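I'd like to ask some things about the structure below.
Chains here go by letter, A, B, C, D, E and F, matching the order in which they are written, and residues are numbered from 1 within each.
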Amino acid sequence: MNTYPMKLVTIVCEAYAQDTVTKLLNEVGAHGWTLFAVEGDGSQGKRPADIKEFANIQIEAVVQPEVADKLLERLANDFFPRYAMIAFESEVRVLRREKF
Amino acid sequence: MDILDAIHANLLSPAVLFFGLGLVAALTKSDLKFPEPLYVALTIYLLLAIGFKGGVAIAEAGIEKVWLPALAAMALGALIPLWTYPVLRFGGKFSAVDAAAIAAHYGSVSAVTFIAATNYLKAINQPFENYATAFLAVMESPAILVGVVLGKMATKSKGGSDFSSIKTAIHEALFGRSIFLLVGALIVGWLCGKPGMDKVEPFFVTPFQGVLALFLLEMGTVAGRRVGDLKKVGPFLLAFGIVMPLLHGGIGVWLGKVAGLELGGATLMGGLAASASYIAAPAAIRLSLPDANPTFYLTSSLAITFPFNISLGIPIYYEIARWLYR
Amino acid sequence: MDILDAIHANLLSPAVLFFGLGLVAALTKSDLKFPEPLYVALTIYLLLAIGFKGGVAIAEAGIEKVWLPALAAMALGALIPLWTYPVLRFGGKFSAVDAAAIAAHYGSVSAVTFIAATNYLKAINQPFENYATAFLAVMESPAILVGVVLGKMATKSKGGSDFSSIKTAIHEALFGRSIFLLVGALIVGWLCGKPGMDKVEPFFVTPFQGVLALFLLEMGTVAGRRVGDLKKVGPFLLAFGIVMPLLHGGIGVWLGKVAGLELGGATLMGGLAASASYIAAPAAIRLSLPDANPTFYLTSSLAITFPFNISLGIPIYYEIARWLYR
Amino acid sequence: MDILDAIHANLLSPAVLFFGLGLVAALTKSDLKFPEPLYVALTIYLLLAIGFKGGVAIAEAGIEKVWLPALAAMALGALIPLWTYPVLRFGGKFSAVDAAAIAAHYGSVSAVTFIAATNYLKAINQPFENYATAFLAVMESPAILVGVVLGKMATKSKGGSDFSSIKTAIHEALFGRSIFLLVGALIVGWLCGKPGMDKVEPFFVTPFQGVLALFLLEMGTVAGRRVGDLKKVGPFLLAFGIVMPLLHGGIGVWLGKVAGLELGGATLMGGLAASASYIAAPAAIRLSLPDANPTFYLTSSLAITFPFNISLGIPIYYEIARWLYR
Amino acid sequence: MNTYPMKLVTIVCEAYAQDTVTKLLNEVGAHGWTLFAVEGDGSQGKRPADIKEFANIQIEAVVQPEVADKLLERLANDFFPRYAMIAFESEVRVLRREKF
Amino acid sequence: MNTYPMKLVTIVCEAYAQDTVTKLLNEVGAHGWTLFAVEGDGSQGKRPADIKEFANIQIEAVVQPEVADKLLERLANDFFPRYAMIAFESEVRVLRREKF
């Protein structure tokens, strides 16, 4: 099987940011995303996920390297100052290059 | 010693005691935690139930009785941020956006506080206008919009992305989950009237007080987990979170009387004015004023004002009302 | 103008109004979303409650009253795909596997539509045979199996892996969550009889209508989120989703009369025949005919037929029954 | 043939039948699975309801009636591990830590078994002391602590990290979710008394039996999924899981009589002694004796003793009580 | 600590595919898997996870490289044409080689 | 955008271990973590997540390489013998080095 390199960008942030982050994903050219509710602890304190309104989510998107760059840049400039959030990228390999 | 008796009776109600139990759970680090879907389910139930009941009450009372006090309530909600903002900005030395955010929360209302107030009146056999839910419904949004405008004016320079558009705030304030459920159920109840009520009463009315007790247990743990943040907010906000409700409670009761409500209804309007939102407002503010610090507005409304109101505040507003209606 | 009155009364019931509210929530993009576990909890409750009640009713009526109309219902369910398949295949130009899949959904039944129909009859004080739940129970699976066989015959060539074995379909059709709960509760209710009912009535019966209203609010949002798919399915399926229920509703009412049911029971059998499955059938079909396109069968059963039935269909089938029983 | 009648009646109650249905679901691999939050919600409800009711009963009976039998119950719970440990260690050839873990479970109690027992008594119109919930509350922890100490003494050599500190065990045994809810609600109920009960009765009392039936359906699937582990635990533990409850049931009934309880209360104390914990104890033991094998203690308490008690055990303890109280 | 290279295969797909995918994992030689419910958006549209029946799941399996190859091949041939699904692999390092 | 290499340590374990694992994360110097409930299958059998008490969780922490080493070592020594658990690390890249 031929596999092709892609970037997986993972974002953990407060649930309030969901709409703006998925909008950003569309803007920078991601073709899909996956999202789930998480609990967490970080510099802005524990997020116990007890109330929907104050919960955390994790968003994952498999994207082309250029898209990952653009995405991270936008996150750093517009989102990091405002939201409890982390983001990181890693290398993954996919089968259907054209899908991402 | 009437007021002490009133407070005592309130403190020994299942709802308030379960709230206390929740606080204890959080403080003793018991692993008691309501799963988030249960929390959501309970809020949906409470909002639908209270809204539906209110709608049926409007259908029975006739809209002509409701509109004037509702308008008064709405105006009060919109005005509260106008004086709380300078108090916070200049008295409390908060940044403009933080002051605007907190002001929005105190102008808006807490549905659970309202429900607890109706509960209290029922417990002491004090009749009240059932359609008062309409005031709850119309008081939720205006202050949020006012607060967002205040905050925007202060932070105009920053901008760019659509983070913080007023449009977001309006959509959230009008179609956010809690206001939507409340207003929607109000309309449904108003359309169905009494025959509809007969069908769903055993679900939406009979077990209501028990569900509230369960929900307050959960709210106790939520508030309790934020007790640690009390240190971060400083003494000014601590005092603010208790003094402002007393002031607004008094104004609300008085306005209720002026608008022609009975003793019970005026007490409820006092409770509404005194309450601070901790569900609708945080959601809208987080989305439209993301630069405001949530620790301030959440801790004060959730961990100070909310517990104060459901334990001491409500009986106090009732006594104020009794005094005004002598 | 009887039928207009009947529809009007139905549209103003809390259940239907809450369904409408859910639609509005989805269309206005309110962030109202029921957590999935709440949805699951509500379906479990509704299926157990209706099944249990039906079982107790069978115990009281005696199985000898039930078996004949139940057999008729089962036969009707199994037969419906045999004529809907060619209509879809040749009238609608659907692929064989899509036609088979949609046919399976319209032969099978929707428990919530059935419940809404019993609700309607109760609201207008029309008595009905409580054991009619047995018809619901036996009508769910046969059409799914027939549909899967139709689909398999059409796609025989493909194969290999055990994706699409008929065995999967049978297991899903017989032990899938919804049919299991319904039939299981029916048997439990039948074994307990009246004394068992006395114990659980305040939970399974008294608040039932309210829970249904809550669930229909949720179903409104679910259906509303699929409204955008209406464009994708084309005008043929749109018409199919309304005309077929009317046809099947008429046949069902007539068959109910032939099988010896009263006016109420025949209305329910009409509603069952008219309804399309959107829980049991999609699950079984997705597993056993994975090449069929879910947009077609889900959108038509969930976003067209279901809303049609609970708003207009049920009162119409009732009027048909009244006309037949004159 | 009294005892057979008693068992027969119990087996045909909705609660037990729904438990059976859950077993069937698991064994036929139906995809019926309660979402975890629903499970949590149901346990919260059941524990609060039973605790609150018990607390109100204590307020009405007066604490002076309760303390003596409560003390007896507590002592029994603490002592049971002292004889079950050697039986397991030397009779069953279990390792020290496994024997201690299992012993802790059988000394502790199962709230759901207790609830099922009260249900049974209600069904056969046998009055009982409502404050018996207090015995449930005090019997949960002591055996866990004793079991942990036994296990620690046996595994002293190992250590290092704070995994297995006795402190963890104590915190878990006293502030774990289930004991916290039960004791907390007991205190709340005791503080509110009858007036509080009047408010929440339609939620915490009226639908209680139905909720229990729903919960037992879920417990049936949970137990059913562990049926496969029965092979792993061996014949000794299988026998242990049935013989020990019978022995402890007898002792409990006798002790109840000695402590001055009526027939109903003694039956409940028998049921408590006979029951094995499968919620509080596993949590505490997993945290404080992580080297013990969960398959042993979970399978025996959940898949053997629990089903035995709710189906056959409770009627048997009742007959023992009737025989003792002749 | 000695760590050993393994592949992490991540699959996001509609919940209906759960049984067939986990069966496939067994067949190709995975010794375990982890699974959770997610929401997502992709070429086949939003999956809002409102109804259990139409929800998405994410399945992760740490496997040996050969197993990953076999797994991806089977997914591409039998699953991609039928289900809303993506799959990708990445490099991870584990401690207990024999466990995977 | 400058990105910096970090390690992502992923732990899947029974929910009972949550407190001890997050405590360990603090001890070895992680500055945050993210956690969510999962189902799973492994050498110790299926964990169906039906009861909160017997469920699985997945914990993810982005940490500096040294921290990852220490973490894995402690897991191997103290946790693997006791709990149903797997752990693995992978390479990720982050933007704000100082945050981790």
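Here, a contact is a pair of C-beta atoms (placed from the backbone, for glycine too) under 8 Å apart; a residue touches a chain by one contact, two chains touch by 3 or more.
Quick caveat: nothing in here was measured; it's all calculated off a predicted structure.
At the interface between chain C and chain D, two copies of one sequence, fewer than half of the residue numbers in use appear on both sides, so the contact is built from largely different positions. The interface with the greater count of contacting C-beta pairs, when D-F is set against B-C, is B-C. Distances between chain centres, each the mean of the C-alpha atoms, put F farthest from chain C. The chain with its Cα centroid farthest from the Cα centroid of chain E is B. Chain centres here are Cα means. That of chain E falls 19 Å from that of chain F. Taking each chain's centre as the mean of its C-alpha atoms, chain A lies 45 Å from chain D. Look at where the CA atoms of chain A average out and do the same for chain B: the two points lie 34 Å apart. Inter-chain centre distance (chain D to chain E, centres taken as mean C-alpha positions): 40 Å.
Annotation for chain C: residues 33-37, 40-41, 206-207 touch two or more other chains. Shown for chain A are the residues in touch with two or more other chains, namely 36-37, 52, 90-91.
Contact between chains, per the stated criterion, is found for A-B, A-E, A-F, B-C, B-D, C-D, C-E, D-F, E-F. Those residues of chain C lying in contact with chain B across their complex are 12-14, 17-18, 21, 24-25, 28-38, 41, 119, 123, 206-211, 213-214, 217. Taken together, the chain A residues at the contact with chain B in this complex read 14, 16, 19-20, 37, 46, 48-55, 78, 81-83.
Of all residues in chain D, only 33-34, 36, 39-40, 160-163, 218, 221-222, 225, 279, 282-283, 286-287, 290-291, 294, 298 touch chain F in the complex they form.
On the chain A side of its complex with chain E, the touching residues are 1, 3, 6, 8, 22, 31-36, 62, 90-96, 99. Residues 35-37, 40-41, 44-45, 48, 52, 171-172, 175-177, 180-181, 184-185, 187-188, 191-192, 196, 199-204, 206-207 of chain B touch chain C in their complex.
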